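Two complexes come next, and they have one chain in common, chain A, joined by chain B in the first and chain C in the second.
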Partner chain A sequence: MPDFFDAYFAQQIINGLSLGLVYALVAIGFTLIFGILNVVNFAHGEIYTVGAFAGLLLIVGAAPPLLAVVLFAMAVGAAAGVGLERLAFRPIRRFSDEASLKSRAMREATLLSSLAVSIVTRELMVHFFSGEMQVIPQAALLQEVIAVGPLTLTNGNLFIFGASVVMLGGLQFMLYRTRVGLSIRAVSNNVLGARHVGIDTNRTIVATFAIGSALGAAAGILVGLYNGNIFPYMGFAPGVKAFVAMVMGGLSSIPGAVISALLLGVSESVATDFISAGWKDMIAYGLLVVTLIFFPQGLFGHGRERV
Partner chain B sequence: MALLEVRDVHVAMGAQEILRGISLEVPERAIVAVLGGNGVGKTTLMRAISGIYGIKSGEIRFDGREIGNAKSHEIVRLGLAQAPEGRQIFGTMTVRENLQLGGIAIPPGETAALLDKSLELFPVLKARLTQKAGSLSGGEQQMLCIARALMAKPKLLLLDEPSLGLAPKVVKLIFDLVKRIRDEGATILIVEQNAKAALKVADTAYVVEGGKIAVSGPAADLARDQRVIDAYLGGHAKGH
Partner chain C sequence: MRPEFKRLKTLALAAAALACGYAAPARAADPLLIGYQMPLSGDYSQYGEMFRNAAELQLKAFNAAGGVDGTPVQILYEDSKNDPKEGVNIARKFADNPRILAALGDFSSTVSMAAGEVYAKVGMAQLSQTASHPEFTKVSKYQFRNITTQAYEGPFTAKWIRQTGPKSVAIVSIQNDWGISAAEEFAKAFKAEGGSVTGIEYFNPGNRDFRSILTKVARAKPDAIYLCMFYEEAASALQQAKQLNVKAPVFSTSSLYSPKLIELGGDAVNGVRMASTFVPENPAPEVQGFVSNFKSAYGNAPNMFAAQAYDAVGIMLAALKAAGPKATREQVRDALAATTGYPGVTGKTSFDPQTREPAKTLAKMVVENGQFKVIE
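After this line comes the complex of A and B, so read on.
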């Protein structure tokens, strides 16, 4: 096998891992919220878009260092997540006993209310920014090429790697070593038990939305700068991919979602060798269907292990 | 003034009234038992006291404060913890995490000492700290549930059927611990189906029927009360 093929293949794997890490950041938000409320948050893709736009506005306004842009996007994302919870989730959560918090009625109602918030948010962005791609200042783009032997990486690859690993590590630390994290896991595991030990479940749910949304927003701005395009509809595809990763991972397992997201990213990247780019979204749907048929509990599922 | 005073409390679920004017008192450092058949409203009462359910009318005073419609997390912070029906432990989390969560309402600096104290009362948990709580035996889970409640440093500990489904030996162990917890300074309100065992440790007892108190009095008197014996002690508990 010629040398260049291996290098090319390695290149695709690296690109796939970057893509997968981004899916993972988005999937974590889905997974955390599903874990705690048993609902799918349809507006999560818009949080990603909001993060990208927030970052862009800051870049255009102040041209700060990249880290500040990401932190700002995360802060705006967290605030948007809190607002989303207030608007689409809390009003429907009228009773807070264990039966109604995760009830089917609640699930169906929030499906629609989060979808509504998602549509309104997207259309508002179209209204204010138009549906077109935004021009990103050249200096802010993460497309600077860095050659490592036969591989061509960009600083975007490296930044996505670094930032994602830090965020995933931080999340794990938060979930296992802090009181907020313990509370999130406790509410996910047993709401009634959580209330009996004195956890403020509403506050914990808000914290979950803030954290999940901050990660989703970070993914949005990272991808925006890496791909060089930011537009109101950009959240849809990664939202779908992250959703698939969550299902593949067993719905409420964070490690499961992260591994599935990486698998999905790499499959998409490698598959573009064999199929045309326009068909690459089929990979996600294909994996989803295969998972649902052969592994209804997810690829790693004992099923009910949450967060 | 009693540590806990429940006055004419009504609780409704939708249109159905489940507690229909319940009153009871729990004096400081007492063990008070609440007895009654299935579905009479014992758990509803416990949940109302803990703030899991709101009350429709009446009042609940704890330690001089009105808590009738306080939030559950505020109530735990006032020093009222519960080992609830069905245990409600965090099955996918470790025993240590369960205990840490029990102490989530108190300042972080105090939890280490409380953990030591809980483990001293429940030494079986010591060897199992890193084990998933869901993999404990029923008796161990019940002990974890009580130990978790003690982590909140409660002045008043509510126990909802701690002996349910346990072997007689374990039941005895749990009741011995209940006495010990009281002797160390806590006050206890305990719901039990096992009326015989409950009346043995309790100072006073209340019998609930249809969302109201039907009989109440010193536990020793109730243990001799023919109506209580017929209804809850299998009709042949004389001489106890």
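After this line comes the complex of A and C, so read on.
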């Protein structure tokens, strides 16, 4: 069908790339905490939501420029990340003997504690803000149309693209060129070993949470303004897709997660043209299953023991 | 024995009797009980909160006016989280309490039908304010609803669209029991009116990015678009349609009718047309009284959902009153089935004695300059 590859198809690719960038934005912070640090964190979706609400409150209160909103959301996200670490992760890390550090049960316990924090946070937001979508001032939305021939982009696409590039580049720089990055990689590799060479593991973990959560919060406010909806349950769906992207990308590779996220977004979007959109989640999970069968280490991962 | 002890002993006995599930003959002060299940937490909690607010308003007025021959009525609320499993558990809990005479709710057709199986088995009337799936009232003779179904609304809007000109229509619908039936009923009626349907696009509940669906819709170039979803999803879908420059006129199910649609969607929702039973601008005194009472009690204007719940509770209370203070569950059901011309805020409501479907009148509405306007 030659007439199929027309402007609508090109628009569908653009839709897919923007959807993929949304997943990528969430996946970057998620992969830093979950993949690199090797702790199971199911509260990242709520950090994303908290970031969106913090940004919205600032917009409604003071209507500052977008950069200030994003920085504020990141600050709140970083604080929330540190709080999350205190509440859900540190108590479970209180034994530092080798057996406990290597125990799967100890690591998996954070699955439940972070899930608990996630549920409590979400329901508290429902309690204080109601489950409804929040009203966003129309001027603050990132939906300004930029027409390119028959195709439509929005300024939100550009901001999300820019943010993804900056975050990805910044994180790669931090991880491989700075001492903080070095200590994060050391802790991720071997907690005991890192401690033996004098790295303050607690501080490193807190720093990772702060950075990862700040990125998650920035994603929340940007995507909220781009899609035009901010509500307490907004973190769930992108969180799941970011998780899929992270696993497909090989768990510990941030560029891998970003590429997988783009792949997911484009496949979902283009598939809508052929099958009902109601089935599009099946595409994501189908890709995940296929990846796990044929590339058990993920598309960009290298072998390492995992929970 | 000192009098205090005597009283204590009576109390202890009463407590023991209650604990054993033994229902003591109701004294005049014992309120009559009805159960109300609704989502009070989770993704649809805002609807549940609205139902509870509306119900409290109706109940307070009813009890203040003397209740059922002097006996007050009390509503027990339970949170179903819009989850069919929870809905069934609540239905069992209500059914096991011999003092509960009838049940209201749930919110979605899916949960209402799941709970309905329990109510059907124990023989307890269930009146939902919103379950509009055609199969709901077919569960058993105990199911009632205070909302016109999509089998009633779909053909009404299909005819309306054909009258305004469009020959082909694309349908975008939420993928749940309600959405599927809404889309199918409409498609059937639109084809019967001589129109064509370019496609039905279902999306998963929780989805808020409609861009790929809208691009697919735009490719088919329909004369009009019909939305079967709730106002929150619709606000996002319409904003994204505007952004993608999709220009076809939009019609929708009555579920879009809420002031929130305009608050959330801004300019993008102008021009959307829908049918609705509840119009707050209606000058009828009961409607104006409800709107002003609701506003002063809760600070915001009631929408169609609040109005449906308000009337559902009103119909239930009227049935309790007709059945009298000593009524059984079966008598309450029969009184409910006999409802004719209940003067509510969503129009005069009568139940068909055979199908138990409500008959109501629908108004045509359009969003114009950020306001709902009644057409004609």
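Some notes on this structure:
We adopt the following convention: the second predicted complex is superposed on the first by the 290 of 307 C-alpha atoms of A that agree within 3 Å, B and C clash if a C-alpha of one lies under 4 Å from a C-alpha of the other, contacts with A are read in each partner's own complex, and residues count from 1 in each chain.
One rule holds for everything that comes next: a residue touches a chain if its C-beta (ideal position, glycine included) is under 8 Å from a C-beta of that chain, and two chains touch if they have at least 3 such contacts.
Keep in mind it's a predicted model, so treat the numbers as computed, not measured.
Contact with neither chain B nor chain C is seen for A:173 once the two complexes are overlaid on the shared chain. Of the two partner chains placed by superposition, only chain C is touched by A:233; chain B is not. With both complexes superposed, C is the one of chain B and chain C in contact with more chain A residues. Touch criterion met: A:196 reaches chain B, while chain C stays clear of it.
Put simply, chain B touches chain A in their complex at residues 50, 52-53, 71-73, 75-77, 81-82, 84, 88-93, 97, 100-102, 104-105, 108, 148-149, 151-152. Listed in rising order, the residues of chain C touching chain A in the complex are 41-46, 49, 175, 200-204, 206-209, 211-213, 215-216, 218-219, 232, 235-236, 239-240, 243-245, 260, 263-264, 266-267. Those residues of chain A lying in contact with chain C across their complex are 8, 11-12, 15-16, 18-19, 22, 123, 126, 130-133, 135-136, 138, 141, 143, 145, 147, 152, 154, 227-229, 231, 233-234, 236-237, 268-270, 272-273, 276-278, 280-281.
Residue ranges of chain A in contact with chain B, taken from their complex: 97, 179, 182-183, 185-186, 189-190, 192-201, 304-306.
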